[in-house]
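A short worksheet on the structure shown next.
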Amino acid sequence: MVKTLYWRQSQYAYKEQIMSTIGFIGLGQMGSPMAANLINGGHTLKVFDISEDAIQALVSQGAVAAASPADAASDVEFIVTMLPNGALVRNIIFGENGITSTMSKEALLIDMSTIHPFETDALVKEMADKGFSMMEAPVGRTSDHAIKGELLILAGGSKEQIAKAQPLFDCMGSETVDAGGAGKGIRVKIINNYMSIALNALSAEAITLAEAIGLDFDTAMAVMSGTPAGKGHFTTTWPGKVLSGDLSPAFMVDLAHKDLGIALDLANQVNVPMPCGAASREVYSITRAAGRGRQDWSAVLEQLRVTSGLEPKIK
Amino acid sequence: MVKTLYWRQSQYAYKEQIMSTIGFIGLGQMGSPMAANLINGGHTLKVFDISEDAIQALVSQGAVAAASPADAASDVEFIVTMLPNGALVRNIIFGENGITSTMSKEALLIDMSTIHPFETDALVKEMADKGFSMMEAPVGRTSDHAIKGELLILAGGSKEQIAKAQPLFDCMGSETVDAGGAGKGIRVKIINNYMSIALNALSAEAITLAEAIGLDFDTAMAVMSGTPAGKGHFTTTWPGKVLSGDLSPAFMVDLAHKDLGIALDLANQVNVPMPCGAASREVYSITRAAGRGRQDWSAVLEQLRVTSGLEPKIK
Amino acid sequence: MVKTLYWRQSQYAYKEQIMSTIGFIGLGQMGSPMAANLINGGHTLKVFDISEDAIQALVSQGAVAAASPADAASDVEFIVTMLPNGALVRNIIFGENGITSTMSKEALLIDMSTIHPFETDALVKEMADKGFSMMEAPVGRTSDHAIKGELLILAGGSKEQIAKAQPLFDCMGSETVDAGGAGKGIRVKIINNYMSIALNALSAEAITLAEAIGLDFDTAMAVMSGTPAGKGHFTTTWPGKVLSGDLSPAFMVDLAHKDLGIALDLANQVNVPMPCGAASREVYSITRAAGRGRQDWSAVLEQLRVTSGLEPKIK
Amino acid sequence: MVKTLYWRQSQYAYKEQIMSTIGFIGLGQMGSPMAANLINGGHTLKVFDISEDAIQALVSQGAVAAASPADAASDVEFIVTMLPNGALVRNIIFGENGITSTMSKEALLIDMSTIHPFETDALVKEMADKGFSMMEAPVGRTSDHAIKGELLILAGGSKEQIAKAQPLFDCMGSETVDAGGAGKGIRVKIINNYMSIALNALSAEAITLAEAIGLDFDTAMAVMSGTPAGKGHFTTTWPGKVLSGDLSPAFMVDLAHKDLGIALDLANQVNVPMPCGAASREVYSITRAAGRGRQDWSAVLEQLRVTSGLEPKIK
C-alpha cells in the first residue's frame, strides 16, 4: 500500500488516500466507468472481461490487462466483480481459472453485480467456508452516474469489510449505505429496483390513460406533483398512519377501492390496458374481505403483511 | 351579493370578498368541513343531507337547513354537490324534488363529487341542453385538508365558470388547478387517484417483501428516498428520456425485466404475494416482445401507448 | 290463448301447444333469431327495436311491428327483452313509453339480457313493488345456437314463473336450467361467462407459449385432452379432494407453484406475456403463505374462500 | 438381457418382454411407485436416494441398494432420474460420484423430473458432447396414477431412444406421447402443467364468486358442464374459428369484455378477489385496442400471438 494524493473526480477535493491494488472483472456499461474511476482515484487495476476491446479501453486509461479471472485476482488487495448474472459470478469465482484459484486469503472480494440474493448468500457462505473474505455492494442509479462516480453503493458485509472497501466506494459513488450485514446490500438493491421498475410500468399506465381521455401531461403533473401519486406514500400518507399503528381513516379503503374501480372501468372503455392497476384492485378486495374496508387505505400494507404470513403489527 | 371582509382560515389574510348564497348538498366526511369553511368564508349556506344530524351540525355553525335538494337549490347563486356516487348525483339533480326543479338559470352548479367521468360528461351535457350552468370540481387530499380549507381543487369548466367559483374554491382549498375544460377536472382527479391508490398497493408489496427478507423499513427508506423508487419517474427518469423522445438506454428494458424477475422469484420463495409486480413484469414482457429490450426502460410508456392504440410519438 | 300444433324447428316434433301473445323488444344478433323461433313455435309476436330494418325483417316472418316498448307490451301475455345493457333495460321498462306504461298485471316480463345481477335484483324488486311480474332468463351458447333454437336457458324466477315461460323457452332453447330463484339465473350466467371468457385468455397464453417454444398445437392437444388442463378441475381433481373435504396431496401446492414458476420464467425468456398465469402464481403464493404448501393443489379453492371472508369448510 | 414373461399390473396381460437392468435415482412420492412398477414389470433395479428409508422400501420389493448415483449408474442399460429440481439433476449427472463417472456409452439416461426446459436442453447437449445418450420423459397425472402404473409419459428424444425406452414407459404409464424430439417432452409437460395449474386458480375464483353470490356448486356445474367454461375452448369454440382462420364473431370480443367487466364488478362488490380474471380483462382490452373488438372472442389467441412478436396467421 502506498499513500498518495488523488483527485476526486466529482468533488475537486484533495485528501490523503490509501492506494490499493485491485482486480476488476466485468467491463460492461457499468463496470467500465467504475473501473475508470478507480484508476482516476489512484488505484492500480488489473482488468478482465470477455471483450478484448473492453480490456484495451481500460488499458489505455492506465489499467493492466489480465488474461483470466485468476490472473486478475492474483497479487491484489481487492477483487471487484460486476457481472450480468449469478451463474457467471459463481463461475468466475469457483470455475476453471477462477478467482479463488489465485486470490489471497487477505484480499476482499466485492461483488457489485445485481444477482439473486440467495445466490449471494450461497457464495458468501461458500467463500467463508474456504477461508476467503467476500462482501457484496451492488449499485443504484444509472450509467451516467457510474461515469460521474456518483453511484449509490449498497454495501452488504461486516463493518470491517465496509470500512476497508470505503475508499474504493468513494471513487465509484457519492453515497454508501450500510445495509446491515452480509446479503443485506443485495436485498435492498432488489427491493429498490423492484419498486422503481414496477412503478415505471404503473406510471406508464396512469399517463397513457391520461392521454387517452384527453388530459395533457402537464396538467396531470401539476396535480400529481402535490399528492402521493407523485410523492409516494413512504413519507406522506404512511408515517402518521400505518407506520404509527393508526388505521383510523384519512382516506378509507372502501373509497380507494371505489375510485380504482372507476379508473379501471374508464380505462377499459377507452382500451388502455392497466394490468398493474387491475392487480392492485384485487389487493384492495383482499383488504376489504378481511374487514378493513373502513380503515385507512394504508391498511393495505398491514393486510399484505398478514396475507404473507407475517405477524400482525396493529391490533 | 354583498361585499365583505372575511377571514381566510389558513392564511390570516384579509381581502375584499364577494359574499354569495350557496346551496350545499352532501354533508359527509368531506362535505361537512367544506360547507363549514364556506360559512367561515362569509357565505350564506342552505344545506341538505339525508342525515338530519349532519344538517343540524351545520345549522349550529350558521347554515340554514333545507328540506330537499330543490329547497337547497332555490334562490341561490351556487349549488355545490358532494355525494358518494354518480347515480345519486344524477338523482339529486334531475330526480323528484331535485336541483333543476328550482335552480335558477343564472346559478352555477358545482359538482365536487368523485364520480365516473362519463357520468360527469352526460350530466354537463344534459344540464346545458336544459339551459343550466354546471361545472365539476372534485378535490384532492384528505379530510384533514378539508377541515383546514387546504384541499386541492381540480376545476373542470369554462374559464368563466372557474373564475366565478374561485371565491368558493378559495374557502375550501389552498390550490386550484384549471384542468382544461368541462370534464377535465374529474378526469385528472381519477388519474391522480388511480396513481396514488395503485401505488399504495405496490408500495405495500415492496415493503412487505423487504420485511420478509430481513430488511428494516429505515434501510429501505434510506435507499429508496434517493431513487425513482421513492421519487417517482415523472420528474427523474422520464423527462430526459421518453418525454424528450430519446430511448437510448440509461437503464435497459432487458435489465429492468431481469431484476423484476429476481424480485418476483424471491417474493415467491418467501411467500409474499406481489400481484402488482407480477403484472408489471408482463408489461415489460410485452415491451420486449415489441423489440424494445435494449431501449431505455422509460420505453414502457411508449409501448403501452402503442398497445393502447395511440399513435407512436417516437420513431 | 289458443291451443295449436306447432313445428319444433330442431326436433321435427308435433305436440299440443299453448299459443301465446308476446311482445319482443331487442332484435339484435341474438334477439332476432330468438324472436323468429317464437314465431316458428306458433306464437304471436309484436316486435320493437330501434332499428326499423330489424323490425321489418321480423315482420316479413310474421311478426307485428310495434311503435314503442309500450306498444309492444300492450295486450300481450309475455314481454321478452333482449338488450345490450342494464341501463337500457331499465329505461325500456320504466322510461317514457316504457313497458310498464301498458303492461298487464297478468303478464310476465322475461328479461333475457345479460346485465349486472344487482341491476336485475333492483328491477325485479321495483316491478314487484308496482305489482308487476318479472323474471330473468339470460341465455348461454352462441348466435348459431340462437338460430337453431338450441340455446341454454338460465331461468331465474319462481317455479310458477318458470313453468309459465317454459313453452317460450322450448322454442328458443334446447335446455332450461332452473337456477334456484329470482336473480339466480343472471348470477349463474355471469359465473359461466366469467369462467369461459377468462379461460379463453388463459388458453391463449398456454397455446402461444407452446408455439413460441416450438411445440405444435396437435402435440399440446394430445397431452392436454387427457389432463385437467383440457378437462377442467370440476369433474376431475376436485370431487375427490377439496369438494370432499380431503386436502391430502395428490399434487402438492408447493409443486404446482414451482412448476408455474418454471412456465412463467420460460414465457418471460421468450417474450410471451402471460398476465393470467402471472396472477395465478400470486394466488398460489397466498395459499402457501397460509400454510397450505403441502396440501393438495385443490386447496387453492378453500384458501380463496377464506381470503374472501367466507367460512372455512375444511378443518 | 433376458427374455421373460411379466405381469402387467393394470392390464392382466402376459406378453414377451425384454428384461433390462436399470439404475433408478430419486425415490420420492412419484419415484418410489414408478420404481416399484419397473420391478413388477420384471426389470432389475439398482436404486438410490438421499433417504435410506426410501431405498430400503424398494429393496424390500426386490431392488438392489446403490451407494451413490455413480453406483446406481454402473453396469446398467438404463438410468432413470426423478428429482425435484434441475440443479439436483445436473449435480447427480455431472457432480462428484455422479452418473457420468460410471455410466456406459451404450446406456440411456432418462430424466423424468420436471425441470426448466432450458436446463434439459443444456444437459442433453452436454451429455451428447461427452458421448452419452440422454432423453427426457417427464410424466403427467398424479401419484395415484404412478402407483397404478397409469402415468402419462411425455417422451422427448429421438425415435430410437423412445423405442428403446418404451418397455420401461409401459411399466410406469398407460400412455406415451412422442412430443417430437429432444426437449419437447419437458416443453409439453410445462405447457400442460401451466394450463392445469393456472386453471385451478381461475376455477377457484369462479366457484368462490358463485358461492359468495348465493349459487350452489351443483347449479354452477349444471350450467358449466355444457359450455366452454367446463369443456374448455380447445375442442369447442376454437376449431371452427381462430384455428380455422375465421374470426367472424360467434361471440364478440366486445361482449366478452363487457361480461367480464360485470363479473369483476360483482366480485369486487362482494369482496371475492379474482386476480386471474382481472388480468384476463386487460388481455381483452389489449385485443380491443388492436381493433379486434368486433371479431370472435377466439381472436384473443391471434392477438396474444402478435403481442408476443409471433407472425400473424390470420389476415
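Order of writing sets the chain letters: A, B, C and D. Residues in each chain are counted from 1.
What we mean here is this: a contact is a pair of C-beta atoms (placed from the backbone, for glycine too) under 8 Å apart; a residue touches a chain by one contact, two chains touch by 3 or more.
Chains and their UniProt names: A, B, C, D = Sulfolactaldehyde 3-reductase.
Quick caveat: nothing in here was measured; it's all calculated off a predicted structure.
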item	value
Between B-D and B-C, the pair joined by more C-beta contacts	B-C
Proportion of interface numbers common to subunit A and subunit B (over half same, under half different)	same
Centre-of-Cα separation between subunit D and subunit B, whole angstrom	49
Whole-Å separation of chain centres (CA-atom averages), subunit A against subunit B	32
Subunit B and subunit C, separation of their C-alpha mean positions in angstrom	37
Set of subunit D residues in contact with two or more other chains	265, 271-275, 278-279, 282-283, 286, 289, 307-309
Contact graph of the chains (line, ring, star, complete, other)	complete
Subunit B-facing residues of subunit C, complex	257, 261, 265, 267-268, 271-275, 278-279, 281-283, 285-286, 288-289
Residues of subunit A touching subunit B in the complex	85, 114-118, 140-144, 152, 154, 175, 177, 179-180, 184, 187-217, 219-235, 237-238, 243, 249-251, 256, 258-260, 262-263, 265-266, 269-280, 282-284, 297-298, 300-301, 303-305, 307-310
Subunit D - residues contacting subunit B, complex	275, 279, 282, 286, 289-291, 307-309
